[in-house]
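Structure first, commentary second.
Order of writing sets the chain letters: A, B and C. Residues in each chain are counted from 1.
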Amino acid sequence: MKFESEFTPIALDELHHEAAVMKVDGWRFIQTHAVNTDNGIDLYYSFMKNGHIKNLKVAGVTKENPVPSITDLFLAAFVFENEARELFGVDMRDIAIDFSGALYAPAIDEPMTIITPEQKAAREKARKAKAAKEAKGDEASAPASAEGAPRIFVMTPERRQRLDAKLATMSPEKVAKVEAALKAREAEAAAAAAGAPARPQKPLRRPLPTLARLRPLLWKRLPSKPFRSTTTSSPRLRSSTLTRPRRCAPPSPPATARHLRQPNWRQGRRLRSSMPLSRTSLH
Amino acid sequence: MSFITTLIGTIAFAILAPIVGCLLAGLDRIISARMQGRVGPPILQPYYDVRKLIAKDNVTVSGVDGVYMSAALVFTAFAGGIFFSGGNLLMSAFIITMAGLFFIMAAYSSRSPYAELGAGRETVQVMSYEPMVLLMAVCFYMAAGTFNVSSVFGLSAPVILYTIPAFIGFLFILTIKLRKSPFDLSTSHHAHQELVRGTTTEMSGKTLAKVEVMHWCETVLFLGWTGMFFIWGGPLSLILGIVVALAAWFFEIWIDNNFARVKWQAMLRSAWTVALVCGGINIIVLMLV
Amino acid sequence: MGKKSIIPFGPQHPVLPEPIHLDLVVEDEVVLEATPQIGFIHRGLERLVQTKDYNQFIYVAERICGICAFGHSMGYAETIERLMGVEVPKRAEYLRVIWHELSRIHSHILWLGLAADAFGHEALFMHCWRLRERVLDLFEKTTGGRVIFSVVKVGGVQRDIDKSMLDEFISVLDGIKDEYIQICNAFLNEPSVYNRTAGIGVISPEDAWNLSMVGPFARASAVNYDVRMLGNGAYGDLSDFQPILSNNCDCYARMEVRAAEVPQSIDIIKELAARIPAGDIAVPVKGAPDIDAEACNVLEQPRGECFYYAKGNGTKYLDRMRMRTPTSQNIAGMAVALKGCDVADVNMIVLTIDPCISCTER
């Protein structure tokens, strides 16, 4: 780790001024990039001097905030600013060499701002885990009983809220079981507080069954799907045309000028040969 | 010479020169490969290439380049026929230049930017080597007394003894005519140049096959010019002529593998300098002697 | 006067190593202006961090480019190690630098061959690539792959090179060096090559600094910057490292700088191989990067300085991974150098920035 790096937050309106100060100071421009966050786009401008990397971070840029380009100071930034505009939707103004959306020309607009649902779920889970860890850290310092006493389960209001949210999605039998277990634990806590010896705690979850034991269960649970065929029951058609509807028109070609439209290979063949249309074509 | 002899010579050249040229081209590729540390293709590879090209579909931008190339082939055959049947050296030089001009027209006809640039460069190439070719023919005339090639058999000494500077100049521009590095500007055997393939960018199929065959015939013709300087007296000196021609051809391959390509300004300047110096000195010497 | 024509150069062109498109406005074989255009090979690899966890993504990072493959895997691994605060064992650092320098050797020899091809000297091209095959054989012996090695992982390296293999390494490199010096002679002391490269594509030192150029492209214009000077990783244990600079600022100087970097790399490998410490080659890395943890890293790849940035979000997928490759910086320099040159020089100039457009576009 022989070079130092730092991340310095700045405001959007100071950006151009800071970049100009860096240039006069003799800093070398490294790059510019954008990060997609929940509060908008964060822009990072990286500079280096004498083995020290300074990253200026402009946080929370949305579409309503136009960002001034620094290509008048550092021409090499034009590639990155065009990229930020195309992939993240940042409103960059006055880029010296402007590709107007044709740098990568992605098929979807602002593709880097799209987060998959699995990703979202994973991030939420991580955030919750961290919050839970912090909360647990607070409770560990909360009033505890004497040394050596078993851990006492305390039902705090947030825990009750979370439990209620979970119970709302479960079936009534499960809800009854959970409430019974809670009551038993409260009774235990009361007994422990009263001085009776505590029972050894049962582990909260049973170990998951191995797949070998689960497999027959899974087979039993699979619904039997009736075999469906959209056409006749002839073997050839069943295998090849199971999901493809027959005799429907192909999607119409895009509305380009006719002289630019290329015939697809089927049309080309048909135009060349004089034989009648075969039955397997889609027309 | 009479028209019949020329016609027989043309037909013989049209049949034999592609065969000899094909073998020479194959040997060229093998020797170049060995110089580069590779193994090289089989010796008949150029023939396989031309056969494949002839079998391809015709997908040219305009069909007229095929016509131009056919004309170029016909004129090449004429030039070779005139030379090898002992005819007029100057006429042979003019007709082969005419074939080169048809090649340039074929390149211009496709209107592609690479082909146009390549055709422009090919024109500059023709401008570069023409002076030396003409001066070489003039020196031959001054040494042998006539432009007719058949007269060498009646000479008492080979022409080379009187035309050494012109021969050296001719060897210099032979590199341009044979399209070898450093002068392979307009189109090279290797597509790795800035103009994709220069003049032959838009040619494919039969047209490109005609270009290949024309190149073979040209090679044989120019090597014939080279050997002509060393022939005198009886037919035994033919062997010496052939040996010298092959040595010159090997020398060209060696130069090809040892030089980078030059730009057209350098080619024009150097070719004209050589033409003026070598050809000029030779002519002055022959006039005084 | 001649008429202006527009020559489309690329993306498919036999002399270009990577797909870049230039519209050359040409008049009488002189280029008046050239507008570069990229985007033909954008694969969206930075987006892929969302679906591949940080250990798997190293395989994607390697495949950004075939020539800089090892550099990207090493840079990525170093960035994640910074992010998670992992200390890599010394032996792993040494091994990484040895492979990285070998990667630099193979990349420069490849580039020399392409440059020879560009100015029409096919024989030199064949000789250079034949020499490069011996370097690739070394890679195959030690990592199992010729181009993509998959030998770096977060926390260290996956394979070791034992003492006998290292000695063989050094002897093969010595053999390569002799032949390499002969080939360099053909490049640097040959008049026809000099005519094609001297005075072409001149970028003055002030312009090189203002355009933030990196790599041998900039060092040939006297910009004194090489990330290896900063002493990151095993580079810090080198006894002496001086970047190779040149004052001539033209294509010939760039060729000289790259040609001279190969013997320097061979010396670095020899020095590190002699001093490599024994020990582990990897530490196990558990867990995931913290939420809102950020780290950045620089690495001197064969083409120049490559900048990496990583941001974690608590899951095993990274929030953002950024790789800024040297060619993205150098495109501005190329656009400036192309004005006013001959058509015959275009591919020479494009090649001397050592374009790696796959890296630029990821």
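Couple of notes before you dig in:
Quick note on the criterion: a contact is a pair of C-beta atoms (placed from the backbone, for glycine too) under 8 Å apart; a residue touches a chain by one contact, two chains touch by 3 or more.
None of the values given here were measured: they were computed from a predicted structure.
Distance from chain C peaks, on a Cα-centroid basis, for B.
Taking the mean of each chain's C-alpha atoms, the chain closest to the overall C-alpha centroid is C.
Annotation: 32 Å between the Cα-based centres of chain A and chain C.
Centre to centre, using the average C-alpha position, chain B and chain C are separated by 44 Å. Separating the centre of chain A from that of chain B, both taken as means of CA atoms, is a distance of 67 Å. Taken in their complex, chain C has these residues touching chain B: 5-9, 13-15, 26, 29, 116-123, 125-127, 130, 190, 192-193, 195-196, 342-344, 346-347. By the touch rule above, chain C contacts chain A in their complex via residues 37-39, 42, 44, 46-47, 50-51, 82, 209-213, 225, 229-233, 235-236, 288, 291, 294-296, 298, 305, 307, 309, 311, 313-317, 319-320, 322, 324, 328-329, 331-333, 335, 360-361.
Listed in rising order, the residues of chain B touching chain C in the complex are 32, 35-38, 113-114, 116-117, 120, 181-182, 184, 188, 190-196, 257-264, 266. By the touch rule above, chain A contacts chain C in their complex via residues 1-3, 5, 7, 28-31, 33, 35-37, 44, 46, 48, 51, 53, 55, 74-76, 78-80, 97, 99, 102-106, 111-112, 115-116, 118-119, 122-123, 125-127, 129-130.
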